[in-house]
Amino acid sequence: MPNHWILSFACDDRAGIVHAITGAIVACGGNITESQQFSSADTDRFFMRLQVEADAPREDFERELAPVVERYDMQWQLDDVGRPLRTLVLVSKAAHCLNDMLFRQRAGQLAVDIPLVLSNHPDLGDLAAFYDVPFEHAAVTDAESKAAFEARVLEVVEQHDIELVVLARYMQILSPELCERLAGKVVNIHHSFLPGFKGANPYRQAHTRGVKLIGATAHFVTSDLDEGPIIEQSVVRVDHTKTPAQLVAIGQDEESRTLTKAVQWFSEDRVLLDGARTIIFQ
Amino acid sequence: MPNHWILSFACDDRAGIVHAITGAIVACGGNITESQQFSSADTDRFFMRLQVEADAPREDFERELAPVVERYDMQWQLDDVGRPLRTLVLVSKAAHCLNDMLFRQRAGQLAVDIPLVLSNHPDLGDLAAFYDVPFEHAAVTDAESKAAFEARVLEVVEQHDIELVVLARYMQILSPELCERLAGKVVNIHHSFLPGFKGANPYRQAHTRGVKLIGATAHFVTSDLDEGPIIEQSVVRVDHTKTPAQLVAIGQDEESRTLTKAVQWFSEDRVLLDGARTIIFQ
Amino acid sequence: MPNHWILSFACDDRAGIVHAITGAIVACGGNITESQQFSSADTDRFFMRLQVEADAPREDFERELAPVVERYDMQWQLDDVGRPLRTLVLVSKAAHCLNDMLFRQRAGQLAVDIPLVLSNHPDLGDLAAFYDVPFEHAAVTDAESKAAFEARVLEVVEQHDIELVVLARYMQILSPELCERLAGKVVNIHHSFLPGFKGANPYRQAHTRGVKLIGATAHFVTSDLDEGPIIEQSVVRVDHTKTPAQLVAIGQDEESRTLTKAVQWFSEDRVLLDGARTIIFQ
Amino acid sequence: MPNHWILSFACDDRAGIVHAITGAIVACGGNITESQQFSSADTDRFFMRLQVEADAPREDFERELAPVVERYDMQWQLDDVGRPLRTLVLVSKAAHCLNDMLFRQRAGQLAVDIPLVLSNHPDLGDLAAFYDVPFEHAAVTDAESKAAFEARVLEVVEQHDIELVVLARYMQILSPELCERLAGKVVNIHHSFLPGFKGANPYRQAHTRGVKLIGATAHFVTSDLDEGPIIEQSVVRVDHTKTPAQLVAIGQDEESRTLTKAVQWFSEDRVLLDGARTIIFQ
């Protein structure tokens, strides 16, 4: 069985990058099985994701890569294809997103390793138990309990070397400090409407305005923006006959699918950041 | 050949409405070929659209309807199926929406009668000429020329008894007075993004934010709202590789299709107003 | 709390039907909350579905309906809104469709009452147990065990007065006799491709031909047709990079959603038969 | 202004290909602005498409490429970005596909150069004239006139060095000899249904079967297959209320969009053949 790696990197856009990188691959007898690249005209940055098969050990490949990543000052990551992503999931009461992720994980369609589901409500303990995933619950009712909850998040992140924190309908706003600490590592899902609605109960507002499309957006969580970089979006048609409750059910479906897709892409190193936007190497 | 009518109406929701209306249809030997209704829980209004085939003359049907529409205090409209909608089209320079409407009209897929295309730029005169539609051009450069342009709009509306004014990428904002005068009779198309963007060049903003969906919204024009009641919306997927110019091309496609669909529904009396939202009887 | 009924019926298309039916509704003080109708030009049949709210008891409404349904020789059904559909689910090994149905049932989005999940493999027992649904397993390996399995199906149908049998990726072909006995009561899901593929492993064939869309079709099961009347279809885009395994995963998603939607519509009496095709009153 | 080329190639999949190709790019100071590749597990072929910007003249780049394409026995093509594709369009009576292509060409969204529209009916001459495209008409009524028509096709292909022949609803079947002669150079559009329908008037059949999706497939024309390799497919939802005429209108929309998209991808060298399927480098 040969090794199968994912190499992804970003660097300033200059001539010769691909030639240099593929030189390192050739040097250890590797074969490229998948490759995507993108030159950002906005930031003059170059992004690339490669899947490489090779019989050589990983050390050899890293040794060949070393001078290249230094010469081009690359931000880079080397990973094994199919390695489960160490993922912490935060939830509240709504089950739909968690159910979708756990079902797909068990079905072998989502490579995540979830050492813990952490919640501010006890409701989803049974669902986690059915899928043999540890579940922990701590109420968040005031500043103190919120701080304790976030401390526990950071503790779990440290302890399990968590790579991604998924807010699967976790209904608390993270503190700016936590956002900062986990920048680029927290993904959230929220409903999306055209036009957007401010304030409480957007589904009711959407109903009142008679919108014809409702959807969901999966995005990175940031502290200083209302919304971080968008990873994935989807919508579905609705009409005037749908009650607010039906809009909610339809919206939840889109939320589940959209969030799971974003997590999957992240787990496969397909999500790269280019300023305020994402490069998705599907 | 029997007559074929569209009857649409709105009234307060009470028991017996459908029974009463269909009584009038039975009384002139009519047959219902299409029927949709909707009870709005928000406004307690009842909406209905019927297509009726009958050998009886229209006067007979109207005589049977008279006591019913009075009893239920209906806002109602009786029309012949397939009658072309008297439509005034306002354009500026962009051809895509006008081309789509005129092509479909000639193909027999859009029942509109366009006595005039009115523009603040001369660019689309050739396209109108190809489709044998009168075209008129008057620059709008200041308050005076704008007032003159709007006066001409009202004159055409009067003269041709215009039923719908279509802003097919007409790039001037209508005055509140004109909006008021033509309330419920002016439809506009604009691009739509998740999230929405304020300010100039939204396609560039969409590019910068890396949105994954772009679309279009056809809506009624109102004076006191940023956006009037939504008639139709659509979106299409995009990704990080699309340049702002490509986003514009993709967006124009959605604009054309969405606007034409809205005009078609309006021409078939399928668009009813329920407060701030539309009932679309497809 | 007033009663809330669904009345659906089909009859030959003649003048006066709606007037007569709504007369019965008016007679017991009922209010129409939803209504759809359709005149089939193919078969000259008239189809209607009404939701009616009334304080009167059901017997009163039925007494008012009696002369109407007789006069027009209607096939009709009167049901309570929200009453769970008595549903038997047949499965084999694949979990995705069953998981989706059970999750939505628990979430209150799918009004079904499932007295039994019957399978020819033991694999999905745990999933059923998690959702507290009885599960029974009997291998189907030859003509005899197949006959026994189908006898058990009929027994359950009788015993629980089953209204719908859902083949949720049940991988055995039903005997013509069973199809006949349960005509219009069995819904199946299968993958759908453009163009269609015959023979084994259609996902591999789809891969080989490089199809750009894959999807699913939910349809009634009939004995004398390759495919019975279509209830719902959906597709999703794919491209050349997808492996056969990925196509399977994507296809399963569409299967789950499409089947659940078909069951939901059936449970709400929204699916009527017009010859070889369905009328779906969404 | 630097040169901007598209290089696309296919060869047996071996180690070192990308390194070798990018070596040639580096050697003439080129920069990669877009790149896609694909390794086909079915055929063990490697496919790549590159966009390269360089100040060097084309001869220099070709000289650097020469040893690489020889070493790997590549089928390759080097083109200028944005060069209009020399395209012959065949039509009959239906205008929708031709209208869409010509409108987009004029709008600068479709880089084709159309020296002739050739038709077996005179109907679309006016449309071609509006867009200043030469139009020629020759009836096809028997074997002789068909042979003459096809001879004229070949003559035009020779004379204008045509790269793509687009069957924009041309309603005659091409002879096997012509298919052979123009293999990989003729693209056709046809309606697509789930399930597929044989025989005349598929829209009527689709109506009778009550299909819920109709669409279009753009594909290469081949002599020995019912359908050649698929380039693009799309579908749209329909329901039981649509008449056969409405299904036709909806289907034509999908046909126009799908065909134009296929032509655009071809014009940008994004369509490569891998056995019976296409690699689309979007």
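Quick notes on this one:
First chain written, first letter: the chains are A, B, C and D, and each begins at residue 1.
Methods note: a contact is a pair of C-beta atoms (placed from the backbone, for glycine too) under 8 Å apart; a residue touches a chain by one contact, two chains touch by 3 or more.
A quick map from chain label to UniProt name: A, B, C, D = Formyltetrahydrofolate deformylase.
These numbers come from a predicted model, not from an experiment.
More contacting C-beta pairs link the chains of B-C than the other of the two pairs B-D and B-C.
Chain centres were defined as the mean of their Cα atoms; on that basis the chain farthest from chain D turns out to be C. Averaged C-alpha coordinates put the centre of chain B at 37 Å from the centre of chain C. Our note on geometry: chain C versus chain D, Cα centroid distance of 41 Å, whole angstroms. Of all residues in chain A, those touching 2 or more other chains are 34, 241, 282, listed in ascending order.
Chain B contributes residues 38, 41-42, 192-196, 207-213, 215, 217, 226-227, 229-230, 232-235, 239-241, 243, 274-280, 282 to its touches with chain A in the complex. Interface residues of chain B facing chain D in the complex, by the touch rule stated above, are 34, 95-96, 99, 103, 107, 109, 130, 241, 249, 253, 257, 282. Here chain B touches chain C in the complex through residues 13, 15-19, 22-23, 25-26, 29-39, going by the rule given at the top.
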